[in-house]
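To keep things simple, chains are lettered A, B and C as they appear, and every chain counts its residues starting from 1.
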Amino acid sequence: MITLEKVSFTYRSGQRALQEIDLNLEGGDFIAIMGENGAGKTTLAKHLNGLLKPSQGRVLVDGEDTRKVSVARLSRKVGLVFQNPDHLLFSETVKDEVAFGLKNFGFAPEVVHNQVMRTLEALGLSEYAETSPFLLSGGERKRVALAAILATEPDYLILDEPTIGQDYQQKERLRNFILQLYSQGKAVVMITHDVEFVAESNPKVILLSQGRIVAQGPADSVLSKDELVKKASLVRPQMSRLFGELTKYGLPSDVVDVHRARILLEEKLSEAKVRVAQNS
Amino acid sequence: MAHAPREIILAKNLGFQYVGARRAAIEGIDLSIRENEFILLTGPSGCGKTSLCRCLNGLIPNFYQGEWTGELLVDGLSVTTQLTSELSRRVGYVFQNPENQLFALTVEKDIAFGPENLGLSREEIRQRVDEAMNVTGTLPLKDLAPYELSGGQQQRVALAGVLAMKPSVIVLDEPTSFLDPRTAEEVMRATDDLRRELGLTIVVVEHRLDLVARYAERIVVMDAGKIVADGDLEETLDEKFDLLEGLGVGVPRVSLLWTMLRRDGLVSGKVPTHVESAASSLAGMMNQ
Amino acid sequence: MSLRTLEGFKFSTLKTPVHLLDPRTKFLLVIAVLVPALLFANIYVMIALLLSQVPLLFVGKVARRWALSLRAGVFLSALIFVVNLFTGSYLSAIALTLRFLVLLTSFSLFFMTTSPDDLGLALDRIGAVRWLSRRWLGYPNALSFTFTTAVRLVPTLAVDAQTVVDAQRSRGLELDKGNLLKRVRNYIPILIPLLLIAIRRSLELAEALESRGFPGKEGRTSLFQLKLRPVDYSIIAVSLAIIGISFWVYFHYKIPVL
């Protein structure tokens, strides 16, 4: 379990990035941290593996205070995938790239090899094992960066803006993969402002604004509240805006994903059809 | 409009293959764009949309080398015979990453950068810079450094810098990827306002159709270097929905919902492209 | 050198009287400090030169940042002091350490209060720079432009560097582990991404430049012009006088350390 107790963080420049954040994270959790640019999302993520230490309060990873343990040791449990793969890819082949973390953590060569192959397989990258990561497309590079972290089998996976620059199909693939991970008992946290992606993945949402948690709860209840969403410089998902217009027909207002919308409307529209038939 | 709008971009069987690439980035492109149109250009990653945009302002073939086929006319000029610096007066380009397109250390100097290259008189530059700052709302930012601005402000400054060149066409290549949703909407609205006020032609590359659907009249869809759909946005979403979904184009959620309900036989009529039209159609049905 | 020392050389966008001076004026002022500082290894001269710059630091509102760069410079000062202690007297060691601080102060004052844009404009006015630029790069203002762009990219690349370090540490990289050779090798995963990012950025920048009509034709105009104001002329006069007097004294008298 990762626990944040009243965590505040102030940068050396004096900018207050986080204020009194309380948060618990455990296996099987799926959380989306959302908020405006500069709300403190990435700062928060860097606290989870000890890259940043709180100015006040503390962060405990499985009971260990992040101030007392090295980043390398924390990173075995907490995998942080950075937004831009360019910031981490450097190896000659995709295989070496994925092996880098495992080698740093001191695994035996045969374990490294098996683990690399398994991860590449799981992410559909096997055919590129011997290719240079720099010859791959943007979407593929993003997947290599993810593989590089996943190979070490962290218990907690933190994804910083995983959907930026990805087309719809790539997002679908990512969503399925995340579902698979947290159903295996891992904790997955994604930092994002992609409201439609969150609306359809249905995680718990933590809304961050100016360094504070302003709301948390299921995606459908948080993302359908106009006031909150505005505060975090987001917009409501299309379904929520649609259902906001239809409340007078007895439809709920907290609908954010298209599948629930369909079921609700099917019912309503069938009723209306029957009514029309009876009247005529 | 009183008179038929002029054709500003005309591509005939246009193709391009980068040096060292195994296949053509774009091929067999036939495209005609009229003045003052707002066009949404979309398609899956690697479909060639950015390459097509690079042709429009001459980055291809001037900056990127490769094999060019076919013909492309911008404002009556053949792209292959013009330098990018000459085309920059006609086609403005706003890139995805705002950080890498601002050069100077203040907003005002950055906006002046383009007109300075054109060798205009100081008075003319002054006037263009002021005008560009006014229409994009960047005047209050004029003494700030680009790195002191938010992402949304940076993209507005980039727009202003392009406007100061007085182009007739502006190409925006995924201009909102790094912005939060509210800011992204503001940038798209500002772009559409400019189109209306200044009579510009706009081409936006975007994955998220819901962001642009309100403004774009026409959609051009690419796949594997070719144009696979081109037409009125609403009609295309209505008639070619399956094609778009199959390609992995991020269709607006309301359009998807409508299509599903239509398959169930519960609704009929055209697929809506934005929330308001979907809401009013559904309300109409439930009022019966 | 730590990133903190660099802070002391980063331009700040303020509009103080010092910032508003013409870059050429300020450059001459740096020379006017440099010349006596290098000609005379005298403690009083050094203290006078140091103190004379203090008011400018305050007027330019950069005193706090200067102090920061000084703090980072403490190590180097100590090194200079110790080395000179072995090679000469303790008095000359003090004088040479002070000289280092004088030079550090005048350069950091110059860079903290001079916009690289203005510096670029100043370079553009120098015929030799334009000539060289045309010979090497084909355009008269390419050299000054290269300079301003490089300066502008420094803060951006500093952020990139920090992100790369963070990203690799998150993959278990420990920079200060192992013997010397291992430690040097530890920097490969930092340097390669950073180099590639810098290249990628410059390519994107080049694309954006082309799209904004750069370099244009011969007659590139500039909206902003450097203008020498009366205050510039008076500072130029004072600076020239200091330089002249320094040389005169240097050739006619022998100035002791104390």
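Worth a mention:
FYI, a contact is a pair of C-beta atoms (placed from the backbone, for glycine too) under 8 Å apart; a residue touches a chain by one contact, two chains touch by 3 or more.
Small disclaimer: the values here were computed from a predicted structure and weren't measured.
Farthest from subunit A, judged by the mean position of CA atoms in each chain, is C. With A-B and A-C as the two chain pairs, more C-beta contacts join A-B. With centres taken as mean Cα positions, subunit C sits 41 Å from subunit B. Centre to centre, using the average C-alpha position, subunit A and subunit B are separated by 29 Å.
Between subunit A and subunit C the centroid-to-centroid distance comes to 42 Å (mean Cα coordinates, whole Å). Only residues 160, 163-164, 166-174, 188-189, 192-193, 196-197, 200 of subunit C touch subunit A when the two sit together in their complex. Taken in their complex, subunit A has these residues touching subunit B: 36-38, 137-139, 164-172, 193, 195-196, 199, 230, 232-235, 237-239, 241-242, 245-246, 249, 258, 261-262, 265-266, 268-270, 272-273, 275-276. If you check the complex, the residues on subunit B that touch subunit C are 57-59, 62-63, 84-85, 88-89, 92-93, 95, 97, 99-101, 103-106, 109, 112-122, 125-126, 129, 143-145, 147-148, 161-162, 165. Partner subunit A is touched in their complex by these residues of subunit B: 44-46, 96, 150-151, 174, 177-183, 185, 207-208, 210, 248-254, 256-257, 260-261, 264, 266-267, 275-276, 278-279, 282-283, 285-286, 288.
Subunit C makes touch with subunit B in their complex at residues 11, 13, 15, 115-117, 148-149, 152, 155-156, 201, 204-224.
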